[in-house]
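Same chain, two partners: chain A is paired with chain B first, then with chain C.
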Partner chain A sequence: MLLPNFEYIEPTTLEEALRLLSDMGGNARVIAGGTDLLVRMKLKIEKPSQLISLRKVPGLNQVIKRETHGVSIGPAVTAADLARNEFIRDKFAPLATAAGKLGAPVIRNRATIGGNLVNGRPAADFPPACMVFDAILKLKSATNEREILVGEFFRGPGETIIEPNELLVGIFMETPAPWTGGSYIKLGARKALEISMVNVAVMLTLQEPLGPIVDVKIALGAVAPTPVRAFAAEQYLMGRHPSEKVFSEAGAIGVGMCHPITDHRGTMEYRCLMIETLTSRALNLAYQNALAWKP
Partner chain B sequence: MNDFRVLNTRAPRVDAAAKATGQAKYADDFKMPGMLYAAILQSPVAHARILHIDTSKAKKLAGVENVVTSKEAGLIRYGVSPARYDETIFAHDKVRYVGDEIAAVAATSMEIAQEALSLIKVDYEEIPAVFDMFEATKDGAPQIHDEFPGNINAEVHQEFGDTEAALKSCDLVVDHTFLNKRQDAAFIEPHSCVAVFDHAGKLTLYTSTQVPHYVMRTVAMTLQIPVGNVRVIKPYVGGGFGPKCEATPLEMSCGLLSKITGKPVKMTYSREQVFLHSRARHQFYAEMSLGVMNDGTMVALKNKAVLDGGAYTSFGIATVYYSGSLLGGPYKLKAMKYDGHRAYTNKPACGAQRGHGGVAHRACFEQLIDMTAEKIGMDPVEMRLKNIMTAGDMTVNELDMSSLGMKECIEAIREGSDWNNKKGKLPKGKGIGMACGFFVSGAGYPIYRSDTYHSTVVIKMSEDGGVANLLTGSAEIGQGSDTAMAMIAAETLGIPLENVRVYSGDTDYSVDLGAYSSRQTLMTGHATKEAAEDLRDKIAGFLAEEMNVEKSGITFVDGIVKFDDAPGNFEKIRTSYIKEHRGWTDQPSGEFLTFREAARLAFLKGGTLVGTGKYKPHRLGGSYKGAAVGTSPAYGCSAQIVEVSVDLETGQITVDKMTDAHDCGLAINKMSVEGQMQGSLSMGLGECLFEEVKFDSRGRVLNPSLGEYKIPTALDMPNVRSIIVESNEPNGPYGAKEVGEGAIMPTIPAILNAIYDATGVRINELPVTSEKLFMALVEKNRIV
Partner chain C sequence: MKKIIRLTVNGEPVEAAVAQNQTLVQFLREDLGLTGTKHGCGLGDCGACTVILDGKAVNSCLVLAIQANGSEVLTIEGLAENGKLHPLQQAFVDKGAIQCGFCTPGMILSAKALLEEKPNPTELEIRTALSGNLCRCTGYQKIVEAIDDAAKVMSGREES
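For the complex of A and B:
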């Protein structure tokens, strides 16, 4: 399989990259890791006339602990880097776990968090993990700049609200409160190199070690045209004391949020049953991690 | 213990450094001056009449050198077995599957060749297609080949003993059905070929194949070139597993385009094209009844098969025979009946793949044995041991088990897995299962009817006496045959392994039928051994003459020569050798004459020294129709125990451990044997749990990539305990026989039996996805 012809441009500043994006209109695509884009180009699903590489744009591949409470992640940070980042593993465990389950080592070495988000695939690994932290995405164009909540970013399979002249330049997350635990579970056929049949991320905060749940977020992937939050299940859990029974009830409520499809990876029926099981498992796991919270 | 110096060790592969460093050249690495790039136009529809093909626009594109269709290629029919030649190089009247070849283009670049394909205009008149093997043989189904009404490509009816009467006499008859899915071999290297037609009228093909000899014959026949003018060279090959066992449209197109243009022509399949070409494992439906006595004695087996063949025959006529014949052992049966047929469908043709024709039916049979054992309250291991064949037994369908370490294999895994402490004692969700199997060690007959030698080998000494150059047409495809042949030659000549150099995979070197049916260790091994003996004998003859001693007292071992176990009086030979090599730093020394000095002496006396060897099996098999399929000079066998964990809430299966024993006769190279055993397990695990080539409603492959067609990753493979069992095969060189395919036989049923042990659910359709198992668990709980 051959790549179609295209022009390859390597801007060296963010301004130049944004100006190029503006000038090229809809014919250009941004390339970071290229693990998805190049495959789609070889399959002739996409035929951009220009590829604008972020390789030489400084500052986009860093994870920065902010002075205030939180973290700033560059869009060109690779899955491999996130999976092994100590701070992310400690405070944003679902994100690190999702990063470590994306594809296989060679893919993780190239694939970036920004690429994974802007692709807008319903089964992608990073979106649910970002959604449970209410990540804020910073979009920039040559003339404008805006911030948007990750939950409002996805529009449909392969569609997001990003404009052709915009670049995702940063992902910001607040460090969760004390006694928070998180989890990420992915169900696929194999133990690696999988596109999820169902994936679920959870962040759960306790008032105190034996106290009730004061904050909880559940996000599911591959169960609807976009990744979704299970708000009803979250509401049900708020203020309740954690227990297996409560978690399994939340799992059952979570299914109500979902509209999975039947495709060659799995049927709607099985996916619905797994949403229930995996949501309750992820909650249990997050709860165990919350109990083990350390400052 | 044995006295082998080279054999039976864990010698590193002779090609290890070349492969590890990237020096090894594969077909796609070849570049030649003026080389053109070719591409094939393949049908986008599953079943259609071709009304018109217009190549004029493509021909006008700058950089296009030639475009060929059936008009240029002709309509000579070919296939694998002459009994079913049903293909032409290009489709002419109709296309029969998505991927059927229509035209080929040669251009100055790959990009131009691809663009030219898009300029070829084909008018199709689509006609109804049939994709399901059961639908295909129903009345009124679309007819795929006029010559084969009802889409029956081949059918087999065999009976040994009176099966109905035998079943009636049984205490218990148990039935089972089984359905696998079409598999892809997923070799790393897609098909690739460079064709060079020279001014002398000779065609040389550098091609990724398992069978240079058969490719040579088929290409010579279809392109109408005298067979002596076709040379097939197999460079390094990145795996075959069966689908590379036949001539491909790629080889014939490149050959034709090179013949027309006079330039080298290269083509490499994309991964998608590998899926479209297929020739991999069929889909099989098996239906069986096993009759036993209450004490566990097996009496009779009734076996039915339906095979989804796809649009052409490929190896299929042999495949449908194997599905029956390979159940004749390793258990004693009084009667066996087999009825099988292979249906044509509008999908890519299926062919041979590791464990040819036997894998799905073995899976059904070995599940059936476990089901029967449970019903009569017998341990599955005990039940198998009770019925096991031993060396010297003949199966009911006249396959001669000249050696058979089946019992030893079963005992080894029972011990190695701690079966007795696990079976029936594991917690819910954990299970243990076992199965056995056997396979041919080389097909007893060539694909075409002939008295040809199956293998010949030439060993030519270097003039200095230091290197034995082994020339063979056999195919090293990653399985390690070059290393095995080097070891056999070194052992026989009595020299160190590093003094043998193997030149293989070239039809100009020798005749060899190639790497299929697990034949090379035994057959090429025999020819290698004979060639080395011939060479050794010649050297000993010259030595005896020179030293005035009896030839029979001369022995070669570890690179030195002994005369009646003593050094002998060789001063004169050494003195002249040293004089010949004055100034050299590697002069022979020591108290014994070296092999190098002896071989140099032989050269001085007789000129270039050549030893030749040849092999063909003795007459094998019964006289009934189809008796040839399944015959072999020897049979390898294996037993496996698999332990699994099942997540009862999701249906996810984790294979925790595999214990595998294989009887390969003498293990020429223990490391290679273990490699084949573990590779077989991985392939079997993939077929059992993940793999399925899927089609949409119009016959297009839905998952033609290694991203969506799922073979096991390293994380899916458990730790494997490989136990080599070594019977002494009287028909094998140094007692050796196969391991390449037989090792896959027990894997699928052992996993399925373990899943049943863990869950109480019997799965009879592959692959066992988490969804399939979970839904079966839900169903079972609903009933309970």
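For the complex of A and C:
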């Protein structure tokens, strides 16, 4: 498998990277880990004339705890680094779990969160995990800057709202309230190197340890052309006291907004069953984690 | 147009002119003659091309040679010292964890990266570490056992 010809450029400042992107027009591609782009180039799906590398651009590969209650994640942070980051594991567990389930160790050492989001694959691991935290994505071009809620970023399989001259420069998330727990479940036919059949992320907040649910977010991947929030199921859960029964009802409601496909990984019917089961299982798990919350 | 890169390969400094679309596995095999690193699928699926880049196991078919500029690369050729096999290599031989051998260099390098992080891995940790490395011959069991044996030798829990 050979790569077509291209010019490889390693800008050393963010400004330079942005200027290159706007000068090159649509013919340039950003390369982060390259685990998706190089595969698509080898398969002749993409043939960019320039690759603009993020390798030497400072500050894009850091996880920074913010003064004001939250975290800022650089787009070039790898899945391996997120999976082992103590703060992310503690406060943003679904994100760390998703990171640890992406591909295999050899892939995780290169694959970045930014590349994963910009890819916009319906079954990707990071989008649902970012959606339950209402992550804010910062997009920058040579002349403009905007902030987008992750839920509004995805448009269709492989399509997002990012413009060819824009760079994803940061991912911001608020630290969840006390008594919050999260979970992430990925279902594939095998444990590694597998595109999900269904993936579910949940974040659930209790008013107090044995109190009602005051906040809950459920996001599903591989069940529709873009990752989706199960808003109806979330609404049903708000204000209710957690129980197996309530969670399985929420799972049943969750299936309502999904449009899974039939392919070699699983049939539509099987996927619907799994959405229901996994949603309620993920809710249960998030609830257990909420009970175990520590400051 | 070729570009000059400087890197360290198996402890030796290397300076070379590479094509911009050359992958690291092509560079190692075709330019440096280090054919221990195998080129299988070319798409990140099989792990035959696994090398250790700046301490991390990666698929060298999905890294550009030019991206390794300034880095340290370890391939299977760099494991033996003074003609003596590395404990992982010795354990693969002793356990019969090699059949056709095509996956072996990648398996050993993934295992080496694991043992550097976790000197006493559980069986599950070993299997997870190898999850990006496919073997069509052995059924994996002997590979897992070989790595377990090597871990014991390397951490001094057992004589080699």
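The rule is simple: the second predicted complex is superposed on the first by the 295 of 295 C-alpha atoms of A that agree within 3 Å, B and C clash if a C-alpha of one lies under 4 Å from a C-alpha of the other, contacts with A are read in each partner's own complex, and residues count from 1 in each chain.
Assume contacts are C-beta pairs under 8 Å (C-beta built on N, C-alpha and C of every residue); 3 or more make two chains touch, one makes a residue touch a chain.
A quick note: this is a predicted structure, and the numbers were derived from the prediction, not measured.
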Message: Based on the shared chain A superposition, would you classify chain B and chain C as clashing or fitting together?
response: clash
Query: Thinking of the overlay built on chain A, is A:L38 touched by chain B (first), by chain C (second), by both, or by neither?
result: second
- request: Figure out whether A:A104 sits in contact with chain B (first) or chain C (second), or with both, or with neither.
  value: both
Task: Check whether A:A80 is in contact with chain B, with chain C, with both or with neither, and answer first, second, both or neither.
output: second
- request: Once the structures are superposed on A, label A:L2 by its partner contacts, choosing first (chain B), second (chain C), both or neither.
  value: both
- prompt: Where does A:L187 make contact in the superposed view: on chain B (first), on chain C (second), on both, or on neither?
  reply: first
Statement: Between chain B and chain C, the one with more contact residues on chain A is chain C
Task: Could you look at A:L273 and tell me whether it touches chain B, chain C, both or neither (first, second, both, neither)?
output: first
Query: Of the two partner chains, chain B (first) and chain C (second), which one does A:G251 touch, if any: first, second, both, or neither?
result: neither
Query: Which one of 6-14, 96-104 or 114-122 is the stretch of chain C that crashes into chain B?
result: 96-104
Task: Please identify the positions on chain A that touch both chain B and chain C, taking each partner from its own complex.
output: 1-2, 39, 104, 191-193
- prompt: For chain A, which residues count as touching chain B in their complex?
  reply: 1-2, 39, 104, 187, 189-193, 197, 264, 266-267, 269-270, 273-274, 277-278, 281
Statement: Counting only contacts in the complex, chain C reaches chain A at residues 1, 3, 20-23, 41-45, 47, 50, 56-59, 61-64, 66-67, 110, 113-114, 128-129, 131-133
Message: Under the stated contact criterion, what part of chain A meets chain C in this complex?
response: 1-8, 33-35, 38-39, 42-43, 53, 55, 80, 103-107, 109-110, 191-193
Query: Hey, which residues of chain B end up touching chain A in the complex?
result: 110-111, 114, 270-272, 649-650, 652, 689-690, 694, 702-703, 707-708, 710, 712-716, 769-771, 774-775, 778
